[in-house]
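Take a look at the structures below.
Two complexes, one shared chain (chain A), two partners (chain B, chain C).
And now, the complex of A and B:
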């Protein structure tokens, strides 16, 4: 199968990227300030014997490159080392936390696409009319407002003032919280999950929405001036069909690129939004790792985010080839 | 000659209202298309050929607008103005609404073939799907019949393996093949008139030849009328029955094709003919037309061609000729808009020749539209090439 072959090819291609990420994070984590041993011995009396014993145990006395190779060896077996702060395997922590982050990022994108595409199309259709100007101003505000500020304002309005929505935490649709009575069934769970998700989703998705909306507008305007639109008009195709089908379909190609290219912004934004909304995701884990100087955890989280990003880019490329017939699955010339 | 032509265009005026001023892209042209004939609309780029054809379809894009004239198709009014009670011009009641034009005229009565086959097909839909959509829409066929019809039509225009190629995308077709697809689209909707807007300009010459042969064959088979918009007199000679030559928004000469070539009545047509190689004439050098066509935003006074016309005289700066019958071509009128013909009686023969016209000034060609009177001082040696 072409698709499978292409996916495999792209995955293999991403190996050097991931190795690059691992080298850089490893160096930053190990050469940065702070001493993991003293962290581990917090509150305890330090004696040299103990320090040496710990160094021995974690291999901290070995040269840097050896330590890197050991780390990479563990990585291949799924062992990301031990978190010093949590005193648990890093891999376990990440597995626990990756779900909420993915849920947040994906729903933010869903929110952005569902709102931005129709708005962009309307703005293009009503070009230079009031609704177009309004959307331009909205997009400008959306692009220039930081997500943490949007998050705080949303909390103030919808959680504190109006008390409509919860201000913190997430309810995962795949795992009812222990405080929940399961008799309420799935519907109630999904409803609660959505209520919790709404504000952080908007906070994280606004930037994406504004960007996508502007690109959508530009692309639609360009597409509406295409010769194929002229042809469709000349054959009596209704304007509505031209807008929704003929011009629309062509205009969506760059949107996929934007989604892929902005993935890093979205993941970075998730770290901040998780902090604002007190969501136990990768972002909070990352912040903890940095604050606690937990180098093993830091590396683990960075690697995981790197993998997510690389996967996202691959999915983008594949879907690009899927919706644009002119793009083939990397068939070599 | 049938009594009522298929399409009659009367004194059509289409203007573009731009910030720089009003561009009179089409300025009072009249012509007709009869059943089963191919009518040429010829002229340089910017002469208003495409705007004229888009006006017929009601597809002039903003800021353009039809401001005058009448377009009648099969007895129905596609465009027509009348004077309202307040003295303002308004659209006539019998004029088809834009919705009626879209559903009843575009595609199923008048179809178009555009210039650029590379851009005219939608890149994200299959060729067959696009063809099928237009057939469904314009002939009201259900999907499977439209599909069968589309495949038949692809075969008809000479696309090999139409069943397989039906599901391919435009980028998998060559330029010539795409133009064949566009022709298939036009014919598949079974229109009575096809407007072909420079359909072979983007193709190389061998492909152009094949396409012209194809159109000739299909035209004979289906009896469809064509308006063939082109700047290429060679193409005109090959397929047109009657020809309208346009210059700066006006039709300057109108004749059956043979008469246009062998009994040319307008200096512009003559100049066009002299600028292309012809198998029936041997010349050492082709004569390009001096200068460029002025902007339609500020056309020259009098005859619009006079600044570039080798035959221009003083009178040409003043008198603006409308086309008149100047000769009879086997019962067909041969019209030209040039005062040198007796039919105009404008005193051309007594009028002194213009000084400093394009013929002598070469390099001043670009400014010549303003330089009609304040002609270059004689003896200016800037463009000293003499031509004879």
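And now, the complex of A and C:
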């Protein structure tokens, strides 16, 4: 199948980038003035023996390229090294924490798409009318407001003042309900999970919503001026049908690209939103790793976040190719 | 984004009767920005924040020179330009920095509620410093950080993108692979890792980190611009005349691909301020006691979410308005520089 071939091609194409990410993270972690050993021993007395022992244990006494190859060798076997702070394999920690982050990012995108596309279409349809201006002001506020502040304001309103929604933590819908004390039954679990997810989802999704809405509006305006729309109008196709079918479908392609391109902002945003809402995801793990000077963990998390981004872009590329019949597989970027 | 083109249509039509109006060039750009309400609003906000940033820069340095420290306690000190009350303790005299007339001086430093007094219109923070003054001073960090790191990204990106686009082939391949790789690490993550391993949390490392992290974006844009400019006849003419590559790139290629970059840079300043606020919020940007919005939000969020909600509101509004100014201005500039915008 052509699509499968294209997917494989894109995956193979991303290998150099993935290797590049590993090189950059490895170099940053190992060449900076703050060397791993002194970071590990921060606050402690540095005696020669201890330094030796640590270097021996983590293989830090070998030359850089050898260490990199060892690290990459481990990486291929799924071994990301040992976390110094948690005293557990980095890979295990990441597997544990990747779920909440994915849940957060995906739901934020779902929120963004569900709100932005109708708003963008309405804005384009009612161009230069009050509803258009209102949605554009909303988009402007959306791109100008930091996600963590939106989170803080949401907490202040819905958790502190109104006390409707919880202000921290997540309830994971994939866990059995028995893991939570106050929850019985799957329905309750999903309900609680949604309640916990609502505020962080909006906090993280607002920026995406605003960007997507802007693109949707411009694309729809452009699309509504297309020859095919003129033709449909000439044939007497009702304006609603034109808006919903003819103009709409064409305008959606750039949205796919925007979703992929903004993924890195969303992942970065997730780190901050997780901090605000106290969610135990990759972002928190990253912040922990930095604060504890856990360079193995930090390398692992950074690389995983890079991999998530690259995979996300590939997924959007493939879905783009799937949606757009004009894309010839294997030649497009 | 088409902003206010309805007003412009009439203008261009009437102008077209007597002479063909040039749709490029500075004069045209400025004229369009003047006509565009939103762009004008953006320009006002940007000018205002720049003014506040400059004022606080001069002011804080003057007071540092005169008194050995920055006056960031009361709103009253802000009002007389460059004129400082004498009650700031001289350097070395007490680390507490408590203004003598502060109403809660005896107690533990609970932040004063917002709108308390004329002296502290937005209340005070946990150490008794005037919140309004700190927000005003926070402009300095945000604006300069935004400008400097965008400049780093822009110049780095321009050089890399121009070289890659102009030479093409292997050079292009190698440079663009590197750029793509850096681009693949989410900026915030890259910046934090960079900052920590360069030498620890500090605003200057953050600025450098943000600048470097945004080089790929600029490099990609300028490269695509250069690719189209490269095919122009005047480049061929310059090559035929024996102009050196470096001069062709700097004098012909870059200036001719610069308009979209300018728009993008303006919009990017907003993004940069957003990212730096996030960095400061996480503790990797400006360090205390430097007044910074992200860091103020961090303290307020950690400690005073229930007792004083307004401490978490004001810095956010400041960030929002500043970024909005740059975004509005950038959008207006985009419309003004794009001759094809009015359909």
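In this section, the second predicted complex is superposed on the first by the 307 of 333 C-alpha atoms of A that agree within 3 Å, B and C clash if a C-alpha of one lies under 4 Å from a C-alpha of the other, contacts with A are read in each partner's own complex, and residues count from 1 in each chain.
In this section, contacts are C-beta pairs under 8 Å (C-beta built on N, C-alpha and C of every residue); 3 or more make two chains touch, one makes a residue touch a chain.
As the structure is a prediction and not an experimental result, all values here were calculated from the model.
Trainee: Can A:246 be said to touch chain B (first), chain C (second), both, or neither?
Mentor: first
Trainee: Once chain A of both complexes is superposed, is A:24 in touch with chain B (first), chain C (second), both, or neither?
Mentor: After superposing on A, A:24 lies in contact with chain C but is clear of chain B.
Trainee: Counting touched residues of chain A, say whether chain B or chain C comes out ahead.
Mentor: The partner with more contacted residues on chain A is C.
Trainee: Regarding the shared-chain residue A:264, is it in contact with chain B (first), chain C (second), both, or neither?
Mentor: second
Trainee: Considering only the touch criterion stated at the top, classify A:230 as touching first (chain B), second (chain C), both, or neither.
Mentor: Touch status of A:230: first partner only.
Trainee: Can you list the residues on chain A that touch chain B in the complex?
Mentor: Listed in rising order, the residues of chain A that touch chain B are 226-228, 230-238, 246, 249-250, 253, 323-326.
Trainee: Within their complex, state which residues of chain C touch chain A.
Mentor: For this pair, the touching residues of chain C are 1-2, 6, 177-178, 180-190, 192-194, 196-200, 270, 274-275, 277-278, 281-282, 284, 294, 297, 300-301, 305-306, 309, 312-313, 315-316, 319-321, 323-324, 327-328, 343.
Trainee: Mind listing the chain B positions that touch chain A in their complex?
Mentor: Listed in rising order, the residues are 57, 59, 102-103, 105-108, 111-112, 114, 116, 119-126, 133-134, 137-138, 169, 171, 182, 185, 189.
Trainee: Of all residues in chain A, which touch chain C in the complex?
Mentor: 16-17, 20-21, 23-25, 28-29, 31-34, 128, 140-141, 143-149, 152-153, 155-156, 160-161, 167, 214, 218, 221, 225, 264-265, 267-269, 271-272, 275-276, 286-287, 290, 298, 302, 305-306, 309-310, 313
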